[in-house]
Amino acid sequence: MSHHRVVVEAVRFAYPDGTWALDGVSFELGHGESVAVIGANGAGKSTLLLHLNGILTADSGRIVVGDLPVAHGTLTHLRRTVGTVFQDPDDQLFMPTVFDDVAFGPLNLGMPEADCRARVRDCLERVGAWHLRDRPPHRLSGGEKRRVAVAAVLAMSPDILLLDEPSTGLDPRGRRQVIELLRGFAHTKLVVTHDLDLVLELCPRTIVLHEGRVAADGPSRTLLGDAALLERCGLEVPVAARPCPRCGFAPGLAEG
Amino acid sequence: MHMADALLTPEVGGTMWLVSGAAVAVASRAVRRSADSRQVPLMGVLGAFVFAAQMINVSIPGTGSSGHFAGGLLLAILLGPHPAFLTIASVLVVQALFFADGGLLALGANIFNMGFVACYLVYPLIYRPLAGVEASGFRRRAVTWLAAILALQLGALGVVLETTASGIAELPFTAFLAAMQPIHLAIGIVEGLITVAVVEFVARAEPGLVDPAARQTGRRVLAPLAIAAALISGALSWFASADPDGLEWSIARLTGEAEIAVPENAAHRAAAELQGRAALLPDYAFPGADEAAEPGWSTPNAGTTVSGLVGGTLTLLLAVAIGWALRLRRNRLSAWPR
Amino acid sequence: MNGGGHSLLDLGTLDRLGQGDSAIHRIDARAKLAVTLAFVLCVVSFDKHAVGDLLPFATFPIVLLAVSGVPVRFVLRRLAIVAPFAVLVGVFNPLLDREVVASVAGIGISGGWLSFVSILVRFALTIGALLILVATTPVPALGRAALRMGAPRVFVTQLLSLYRYLFLLAEESRRTLTAYRLRVPHDRPPSWRAFAAILGQLLLRAVARARRIHEAMLCRGFDGEWRLIATPRMSGRDWLFAVGWLGFFAVLRLVFPAHALGLLLVGG
């Protein structure tokens, strides 16, 4: 199935104030791939995601999601195909209760109420949050918010998941839960994150963005062990990929 | 500046509910028509912003008291009158529900005093024409400041009018007015300065945010005003025809001649009261109808009042006892393991 | 009209109480809203000197408090906080209306005192009932109820989104204020200039948040229409609650049992 492919070709984008956030980004995602996008603050990661779900439109270049190019006429289709979990779950959970929030997407797609109820239940159960259904979002913990946000996106039954920093602000347990949750999805995934250990666990492939350009694109184990590259892009080698200080064993090189 | 249920009669409270309710309906339609889906989250978040802003106190120089940021005019400048009105109305509803500021019946009056006045009187009639479409810095600042002061003054006037028209409080119109207006002038001067400064700040950081409604036609904005005027005058004339003395009394009260006007009409009033007794709600009294100096239907009879007080107190005790019993039962039930 | 920190606390308390569970919490929000409205209307429709006739109405808040388990102390404290305006305006009544209208044990009671006490009783009843309504009903349910009872959808949407972001922005403003306080030597509230700068910052942040929320909404197919799944019908229990209380209020309003009881005991 070439169906859930994503092609990004020489995309350039400047914000209205003149900041060049993307300066010629190109890559491809294959069906079912799980790819991490890493880079320093302001590298353009979030801006890139906003192009893939059609919120922002590239000044030049081309983006194809599935078989359709991202353009004005294809936005409805695009938003069914691509589900985005945003950086701040408070921006994403805007409805008065968890149940209403998860139901928001399916209702907008015109799903009948009975089906919608079943879909909401199914999605909340998949993320283990069905017991939270009547809570208002402001009474949820960070991890719970994140899980509900994922459920709300799943309710649209997307083929491709975009996640912006899914593990920031979570305690170790919440982070672990989110990682396990994402591991369980067979979707094509693009994960923007600063959590390089999460990358090693979840994404075989990594794209490094630096100042709006792709600085590197390859197997995570290799890239995350490349101290010179990471240093140049304002990042550092994750603990899990560092050579053991006692015996000198380097996990990145050994398994990569 | 919140009106309270306890100071309002159903007539006054109901009329204000009608007016504010109609304005909410008109504004909702206008916002829905505008079909700008960005407004939905913007209104919600800015409503929350007004709340958050009101949680920070400002010291008013000279008076030593602290005022609060009302924000009706600011929102009208940022959002346009219809969305601003809905936003302020929603803030007042939440204040009524969560902070018990005002109450349910007083909600109509409060929405009128703090939202309607700023968004549909001061904004379209004062701010818009004077500030112009491309107002220069100083002129816009001055107009914003004056408009903010005026909005607060008119709002305070509304509180005084509604309170005196209800007549539950005995405070004479002029005395109440003399207390309310200067206090709110002081608050208004400071609030005006803050509004000006915030508008400047926003205009510098994101010019697109200020006055998006500047080029809208003015006539549509005046619709709520016309409807409100019609409703208020309709209610006034209805009450006037139902109880001429009530209105006369209110006006006499407003002009401070209550003491002189009352005794003259005592007989007439007693007749009106008799009529009232025969109606569905026997005790239903228009403001002042029970002001008559002579004992009779209109003044609470000494005997019935005492018996009423005794009976009332007894029922209150009974109710407390029932509540106590229910509470005990509840606690016992919830103490059992389930 | 209320000081900063406390109101935020109370907001949180009420919100938490509303999420609780009791026989009253489980009653449909429409029934509770309609009964509370009728209650307020009945109470304020009495003559301005009415005190005795108003007292039996206290049955409603008392029973609801007892059954719902909402702490009495919380309601009383909140009442005390908002009382000043009504008290301040009403306190002139005894001075302005000195005509003696009743005497108890030889002591004359003036109309002014009666109407002042009446204002206080009205105040406690109406505001108390409202507080109990909110303490036993989650706000989303109240919003739905208002929608079903004919409130414009745009307005209900606005109310519920305001409620959604209230806590977040209140917290943000509290943090900003703390940051300000930590940087000024004195412990006074900010001057209007500093206040305006703080507000401007908060406002810009709020606008940026609104933009991000809008993006998230668009990603989930938002087209300007805010859709909610319908609420279930009112059950027999809900109807019983509504009709029972409305009937009770009607009896109190039309038959004046307090008078009758008093007459029985003390005679005309």
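Structural remarks
Labels for the chains are A, B and C, by order of writing; each one numbers its residues from 1.
Simple rule for what comes next: a contact is a pair of C-beta atoms (placed from the backbone, for glycine too) under 8 Å apart; a residue touches a chain by one contact, two chains touch by 3 or more.
All of these numbers come straight from a predicted model, not from anything done at the bench.
Every chain gets a centre from its CA atoms, and the centre nearest the mean of all protein CA atoms is that of C. Ranking B-C and A-C by contacting C-beta pairs places B-C first. Centre to centre, using the average C-alpha position, chain A and chain B are separated by 48 Å.
One finds 15 Å separating the Cα centroids of chain B and chain C. Per-chain Cα centroids separate chain A from chain C by 43 Å.
Of all residues in chain A, those that touch two or more other chains are 94. Each of residues 15, 139, 160-161, 163-164, 166, 168, 209, 213, 217-218, 222-223 in chain C touches at least two other chains. For chain B, the set of residues touching two or more other chains reads 41, 44.
Every residue of chain B that touches chain C in the complex is listed here, in rising order: 1-2, 4-10, 13, 24-25, 27-29, 31-32, 35-38, 40-49, 51-53, 55-59, 66, 68-69, 86-87, 89-91, 93-94, 96-101, 103-105, 163, 167-172, 175-176, 190, 193-194, 197-198, 201-202, 205-206, 209, 281-285, 290, 293, 299-300, 302-316, 318-320, 322-327, 330, 334. By the touch criterion given at the top, residues 15-16, 19, 138-140, 143, 160-161, 163-164, 166-168, 209, 212-213, 215-223, 225, 227-230 of chain C touch chain A in their complex. Residues of chain A that touch chain C in their complex: 50, 53, 55, 76, 79-80, 82-84, 86, 88, 90-92, 94-97, 99-100, 103-105, 107-109, 113, 116-117, 134-139, 152-153, 156.
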